[in-house]
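First comes the structure, then the notes that go with it.
Labels run A, B, C, D and E following the written order; every chain starts at residue 1.
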């Protein structure tokens, strides 16, 4: 990555200072991971590992950090270790240390002095000031290590000595909740490890501008990886919970598919192809919900794409850029951030009585279409704006009219952007639940999907065409998931409600993530294509 | 360029007033200048404003048919603006306001009811950076004629058997040959035009312009984005084109202007046309001091 | 520029092999060339690749201290690439790979463990388009020194009474004066730098660079985005700077190179350094035919 | 004052007249007729639809017919007209939403007046025709604040990481990955929150109820995170490379450049991203609906996020929308109005900030 | 479009093969019958999660239209011995109302679709014409109490009672095991007024009471307030409310200190939601013993409301639920009480085929 980093990484022989800093970094990482493991209950909080109690290990790791940091700071100060520290660790660091020490001071005062505001307040202020001054007054190498070392040592002592152990609880007066040591200790260690990591990373590069960069990068990097880890865990969790359900009775060749009169073996996934309700299903599935979702998406797209693209063309190609376009822009952005439940309310008040009199697919399509519309408009506009003016000029210079230019040059060139936008938008509305509760949902576990195609009827009285299925309620994946969670009266020997819910969640996740992947992929593809040719 | 002027940086600037007067005199002189060919395009008292910005200041000039006329001058002096006046591409710029008159074959193009489509078919344009459409080479060439209804190869036409493929094939071949590109691309007419090199793309743009059979070709620094070899090819091509077409070319490269043009017009800052005449005369013996300063590289 | 060469377009290109040989001979000659001053920067067998693209091809050159060295050559020949090698800004380009050696005062800058911060403090850079930070003029100037910890004026410093305002004031004044901008902006040092004109912005960037007290100043076409008057000011400034600093400047304007530089290096397509020597000699009497062709405007 | 309005009005009028005249001159009679027919049939269709008439189909067919005939004769004019119609339709949808929300919330406003938004005494909801949105507003505020505390710093850190710190390889994986995460349906988050997180907090921390503002807020924050990262990263990566090069060439470190040049220059874009995330958090429905306890009241102290009360503006609509009628329904619409305006304010603010950035930096390529 | 109908709507008995033939006849069938003037559109129902098990199971059977002799669903013991028919289930119950038989599995004379929310929604829905049948576990007037609905409007509801629920009080397993197996109705009231907040006050462990409730507007909630507090709008303050019975049931199972009122179908005497006895005026009402008794104040009727009379289609389906087969299969097997003989007779009369000839 950064060249600064690269050079530094290969600099010189590893000195004792580097070694200590590396050890501190490694120990903080271990403590960090172990604490998360404890919170996720992968590690037993009362268990014994490598001969020590888990909490003693965690507390001990803080001791190690404290000692290492003290060495790193003092070593640099007394010139045992090469470094280029600044005059002071800086105000931000001072403020943070002050805050941390203020918490320590406040708690300590409350512990020994009582719960009066004067007592813990003055304790907090005194310690806070001390911490702050200790951080900013001495040179950077001392200011950014010693206050932390002291703090970590203190926390480590409290944990190892058993003042705070798994059974201990903190019951603050302002809430009914209680905070047990079994959860507090890992939280403390996580934060302690982050502090130690930052400080050690700084020391590793000899403080100064380079050290600050190193410290910041480690801190940000670790935070971001934890965040990604949590997000990935969420997805993994759904997959783990839902996969068994989804694959119940599935086989690679068990199914059959008819192609040109020949019956061929085919993949069989009953959970995906079966209906949930009815009597004759061994393995209830989500087929009607998938069909319902597809109809919803199809309707929304048919409604929103022509409107959105049309409006985008008008706004970019025809309209004078002025107050009117600005108004439309504010309106579309507003529409884009309007909560989905508000769309649902609107559908309930405005569309339901006028169209179907009750929940129906058609109203659901329209409401989702309203939600899709601003996204299609915004992305189409961006895409059309991104078409280089050179194309328009070239076409005009050949004596081609505006509309012909739009049709033959602008729209084709903007198409990739529009398509990508639409796919991403579809991914979004396919998982939308809230408005469906109000305007769409019918039987949560139907025994048949909506038969839209078969239901067209023509007549001589207006409205000439009717489609009963479109005007009836149905089920869709997110709606079905909601029903499984809340109603859950899904009684079938094959699955419990929750199992069925996880299976539905997985199918929904696969569908939506699949759509997103196609969208993101197509954007990358089109971008590459555009840049390479 | 010789090295004689290299140390003249510190020379005193000529007095501003004097220059003005000189220019005035010079100008009257070249207004009477008689070119060999007949006049194809003629601008009279042309002023262009961008908002309050006076970009062209009373330009009057006659451009003869079937020859190459070069427009040179420092950046921002209005060369491109003037060029775009000649096929009314300035109409596309909201802020631009044009006053005065331009005649094509004696017919005023700034009159109400003028058919812009027809005008731009007759006065084609090639831009600074090559800008082929992201379509196949063939479609790039036939784009103009198809939009004008000269070639019809839509689905309907195909169904009705009124397909103009043969006509299209001929047109593509002729245009590409005229633009000296046929030999390089005839085996990949259906490839995307964006896959061509810069020089090929620029010649494709010229071919595309030729396909609509224009009378005048305007070129705005057509070689400035190209490497020397591609530039040389384009320059050769321009020489050939001048046999059948009236070519007006903007360039910032004075050697290029000198090499390829028959007449040269020098614009200077402020949107003034300071001198216009035979290329040899302009470069060897400019009448105005400012033009001489410009040509010898004192500024710009 | 004289008109002598104007009709030489059709001249036969010199045979490639011959040229190569000539260049080789020429090169050996100028490698022995002795400059007046001591050598500040010296590149040896420098190759740069962008992926598979060979952008610089074995460049060896000694750049003398306290003088102006101009790099000229057609577009894409690698001038900017070479310049960026001198302060390792090429490290930022992912695709770029540098081989060979560059020494600053005899110290190799392409060695492991080099302190890039220190290097770039000593070798400053001014870019083609002015790029001031969206901060006040004062903060633009003091940005570098503050980041290096030479000036401290944060809240903390103020609280502790360690405020370096006086030092900052002096530095700002000195740098702006050196960049010939002080008179124009001294009454609005706290205004946003983006409010300055292009020429002023560029001089601000130069002042910003001077504020970190570099030894070498690299400039990549610093005046190409500016109007003639601003250009003239920058050129004057460069002349003055050469008294204290080593200036290396890339320009596409040959007159400019001739006007302001002491030595000139001519790069030609393919990333080769074809000729290097005293500016007067290069422009009056180039040894290589290709350089002469280039200088007289046959291409580029 | 009055005069200036008058001159302005005459000015606008004359501008409109000029526009009309130009339009009249430039457009052929047939095309004019077509525009007229199209506009008329759309208007009629809309009025009929408003009344719920089954005859709505007739003007729609007329519009279609006009379009089909127009396509053959005046294609360019037709397209211009049609695209204009679509634009108007987009704006009308927003206006319709506003109008209907306001109309339907009028009864409760008439009944409760301002105390709809300020009442703190019992009864709060349902008794004696009293419906106060105050507890839900507090609930929305609490969840939004918690979500913002999660999403804003982490989101910005993520954006900085992706655009400034991560090596290119990693970036090419992480960026699309985060975008994928933005697509996970909120009901899925809700399901996890309900079965895992609620449960964890209840057993470990003995929270008064299963599910509370804290849990919901954190879940919503995680949900809004990818949006913030994505938008903020876009803003960071549009900071011109030349500015960063300028800083680096002066010998500052990458981190100094990020802190002192890149982030300040992208600040408006980054804050727009955060505001967008906050808007999402505020409007988030499903996760909160399945996670909260659906009892209405005020936590004491007000920042007790583990309180047994749990209802937000969105959840009350989703939870009770199905079986409400009369004043109760009207109160839910009022909740929708409050929600809508809060989010609208955020949206307009973020647009304004972004617009400021453009003018300040002088366009994208400053 | 027969093909896609076959794959999407085919209820093909668990195998994906052979579904192709299902689609097309459906269409012809419904075409024919609609031309004969019969309303064959989908019958929709919505509302109470308490009534849902009854109507939904009914709808499943109805939609599946099993053949006589299908031992799982329409066994000989019912078809030939009770009803003396060899027709399919739905065909048989529909014929008296003039519907033609389809003779096909999974193709009923008309489909039934039952949605799920609260009683309030069902009552509103049927009133506003959004659905044909409104399920409710509390009387409509109690559901609508306080919303200003006039008596004239209330008169337009046609009440059909399809089963009886004896709403039990349940607690978390831990509480039950700790010995709290019976409380008085006064203690129950105090719990839901937050006057008793700790189980130790009831002889249980020292633990906060987590008083759980159902959503306002649910029949269970309305009935509870009506029956325990004497007013459907009585203010009660449970700690937490849930949308449907199932969610409530789950929550009780998850925690160790909850109490809740719930529908019979969701009680698990040996599982996570054990019922406790309720002492009223000296009588102890216990699960499995006397919850169905008329005197038990929490017992309640389960309604299937129709609006402005009952249409042929609605009557046909409700009659199906009221049949002996229906009472046994949909009501009793879902843990509810069947209607007593005399009430059954009056209810059946309301929807008798003779009303529709």
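Of note:
The rule is short, and it goes like this: contacts are C-beta pairs under 8 Å (C-beta built on N, C-alpha and C of every residue); 3 or more make two chains touch, one makes a residue touch a chain.
Listed by chain with UniProt protein names: A = Phosphate transport system permease protein PstA; B, C = Phosphate ABC transporter ATP-binding protein; D = Phosphate transport system permease protein.
Everything numeric in this text was worked out from a predicted model, so none of it was measured.
Listed here as common contacts of chain C and chain D: A. The minimum number of touch steps separating chain A from chain D is 1.
Note: the chain lying farthest from chain A is B, by mean C-alpha position.
Note: centroid distance chain A to chain B, computed from Cα atoms, is 55 Å. Mean C-alpha positions place chain A and chain E at a centre distance of 39 Å. Each chain gets one centre point, the mean of its Cα atoms, and the points for chain B and chain D are 50 Å apart. Mean C-alpha position of chain C lies 85 Å from that of chain E.
Residues of chain C found to touch two or more other chains are 92, 116-117, 147-148.
Residues of chain D in contact with two or more other chains: 208, 252-253, 256, 308, 322. Across the assembly, chain E contributes 242-243 as residues in contact with two or more other chains. Interface of chain C with chain A (complex): residues 88, 91-92, 112-117, 147-149, 152, 154-156, 160, 162.
By the touch criterion given at the top, residues 1-2, 4-5, 8-14, 16-17, 20, 23, 26-27, 41-42, 44, 46, 49, 52-53, 56, 59-61, 63-64, 66, 72-73, 105-106, 111, 113-116, 125, 128-131, 242-247, 249-250 of chain E touch chain A in their complex. By the touch criterion stated above, chain A contacts chain B in their complex at residues 320, 388, 390-401, 404, 408-409, 412-413, 533.
For chain A in complex with chain E, the residues that touch the partner chain are 255-256, 258, 268, 270, 273-275, 277-283, 287-288, 291, 352, 357-359, 441-451, 453-454, 468, 472-473, 483, 485-489, 491, 497-498. Of all the residues in chain C, the ones that touch chain D in their complex are 87, 89, 92, 94, 116-121, 124-125, 127, 129, 131-135, 143-144, 147-148, 194, 205, 208-209, 212.
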